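What follows is one structure encoded as structure tokens, with my remarks underneath.
Chain nomenclature is as follows: A, B and C, assigned in order of appearance, with residue numbering initiated at 1 for each chain independently.
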């Protein structure tokens, strides 16, 4: 399998009052297409920062990040936005659905940036919602859904554009045990049945069990 | 137990942007409100300042102003010989007959005409009326075509400066002096010799008479006695009262219009305060629940939030007052609708206005803060603590 | 379209805040429009005066009259079509100063005809001229006191003492908006006759002459020609167009008008503050949503569009509501301040101006939230859990 994510010599540090705080040091990582990778590590280890860098919502201080063949560390903010819309689907710990939009509309949101017609969009959205098993919750607003359901809507939103990569940051962090199990099963099905490349950041070993491969981050370094 | 003021103030400072906007809104409203009150008060002060309580003015019955009035020779004779008139140091009775008229002159600023009140006076007028001081030049000579000009008119109208010539009634009048009267409406007049003015203005008789009362407390008795003569179709008024009446129409207009505008204006500010306070309550649901859990009673919470909105409104009110007080440096000229003459006056800030304005700001704060504070005090502890 | 939908739903999130904001904007817009309408109504009454009328008055002061003999001399000036005379009467209805309205004596017949903008039914006109103490009142004035044709109206003179009784024979309407409908006029001949009986020294004088000219372009020349005739007489004249005369009168209270104008702009300031406050609050609460939209690949203009759109929507609804509110309020004011205004003409400029201000305010209020939303880094925004 070819590597779909190639990270070389990546470092990231923040500045706070002229003090440099290193978060990631000299990271090298390759993720193969079709992998389901769990990035593990204690809180503060920089795993979310690394994920953000892969998803193009944060930029490295040094080093290269290639996704597919695209050097995303070199893209402008506007180009990154276009790239993200096409290639990345995000799943967040707190779901981050738009409270004023229904489940359907939330999932449709990323498709509004494409040229798809209204009927095509509807088809895609319905397909995505049926994959996550929420076809009967189409017109519900987020506040009418349970946490697990909300997260499944978020996953549908992440996969509706058929992205190269699905990135999930602590997707089970806010869920009870059963819902967490369901969400992780769903992600692993997306990987096994739909061939999606998925990277999950988590510190929950039980959630990480569903992944195919595991990497550990500690104090900004990959183990 | 009450919530300490410190807490309220720190909470306000935590949301600086919103608070500043709200305070500024109230500042604007208070500024307008204060300015209007100052304007109306300034107008009244200027006119009322022209009158003295010990003086009585005589005008024709049912004419509200000197402009519309005339006193027949018979009436003038009766007034001049009243036994109730005070005597000056030289033993002369302090009574004076005057003629007034409006003349039209162009303004210096836009060359548009304005009406100026001209007043022909007798030598005694200078002692009967209040503090007349020449700022430059000299007093006109009786028997000559000379005039002195109130300083507001000298500043504001073409050809009315010292040494210039004002033409009316087919006569050229030389300006030989500029006078001031401590801010009263006389400063918006032109004075000359009544014996010169009467023929020039085509008037056979005085417009009004003014006299100093020997015993000011006897005013109503004097009035009743004069009026008991059926030929005395005149009105006697205390001079102060007369001038107060003169300011009534314009001052009322300014006040009514201004207060209506201010009230509407204040709706905007109250709504602004309400929005701010509702947001404060919403953002602090958990905080409020915690305080309740710590044992603060509902009334204390209510009071705490009311305090916040009152602090906002008082700060805004103080700033508005401060800004408006700088208006005292400004001078306003407008037509007085009671006399149709041009009148210049200042914005006047009085303790009365300050108190009114503070109460006005307090009310805005209370109205803006009350409903949000009620909502805050009604928050249920358990639910709110669970809310994120 | 989806942007619109999102904007609409966003404004519905804090219903109370949205309602309060719109209410605030509406009230402020309303006062802006009302103040400007008051001012423009004053000027409007001067604007509708036909340009072919001149007023000749005593050069020294309006308080002084002019000899009647002047009338024939003015008539002979080239370009003059007809001349009439008028006197300010200054009577009070029921002797109450609150009942103030303009009342004056005019004559001869030609005077009324010069007022082409006063529309009076022919039979009422004939009735008026057949009644010695007949009078004609404007529609608004008649409405104000509930006068009907044939009513006896008693005025108490302030300049000319005594009680005067008139019979209302006609009620005129303005030919267009802005025409004064608050005046009360009666026969000059009746007026002069009575004055001569009671105050012989005051009669036989005209307060002013109204001069109709054939060519409005010659107004200045004819005015100068008239004033020239009386240059060396005891009563010099000042002739100007009636319009100029009205504008000069307005100029006497220009500082009040300036004050009102300043106030109307301060009101825009209040509108701005209310909206800025609301928008800043809404945007602050939605930072994490903006971050998500950015993550999904939405661009700067999408997000600015959302914020600016919401701000404009609030400003727009508030503005429209405010303008609509103006009508009942103006109605109330004209009822409360009768005698001061001759009907309100809402100026299209005022409406356009308030629309422009609403757009400007809407955009200004969005600037700060847009700036924050655009500067927001996604990583920061996502941490901002809503």
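Operating definition for what follows: contacts are C-beta pairs under 8 Å (C-beta built on N, C-alpha and C of every residue); 3 or more make two chains touch, one makes a residue touch a chain.
The structure displayed is predicted, hence computed values, not measured ones.
**Q** What clusters of chains are still held together by touching when chain C is ignored?
**A** Without chain C, and with every other chain where it sits, the touching chains cluster as A | B.
**Q** Please list the single chain whose C-alpha centre lies closest to the global protein C-alpha centre.
**A** It is chain C that sits nearest the middle.
**Q** In terms of C-beta pairs in contact, which two chains are most connected?
**A** Highest contact count among chain pairs: B-C.
**Q** Which integer distance in Å separates the CA centroid of chain A from that of chain B?
**A** Comparing mean C-alpha positions, chain B is 71 Å from chain A.
**Q** Centroid from C-alpha atoms only, then distance chain A to chain C, rounded to Å. What do you get?
**A** The mean C-alpha positions of chain A and chain C differ by 65 Å.
**Q** When the C-alpha atoms of chain B and chain C are each averaged to a single point, how far apart are the two points in Å?
**A** 25
**Q** Give me the residues of chain C that touch two or more other chains.
**A** 385
**Q** Mind pulling up the chain A residues that touch chain C in the complex?
**A** Residues 49, 52, 55, 57-58, 78, 81-86, 90, 92, 94, 96, 98-101, 105, 108-110, 112-113, 157.
**Q** Can you name the residues of chain C that touch chain A in the complex?
**A** Residues of chain C touching chain A: 2, 5-6, 9-10, 12-13, 288-289, 291-300, 377-379, 382, 385-386.
**Q** In the complex, go through chain B and note every residue touching chain C.
**A** 17-18, 21-22, 24-25, 28-29, 31-32, 35, 39, 60-64, 67-68, 101-104, 107, 110, 112-115, 168-170, 201-202, 204, 233, 249, 253-254, 257, 261, 264-265, 267-269, 271-272, 274-276, 278-279, 332-335, 340, 342, 388
**Q** In their shared complex, at which residues does chain C touch chain B?
**A** Residues of chain C touching chain B: 16-17, 20-21, 23-24, 27-28, 30-31, 35, 59-64, 90, 95, 97, 156-159, 161, 201, 234, 236, 238, 248, 251-256, 259-260, 263, 266-267, 269-271, 273-274, 276-278, 280-281, 340, 385.
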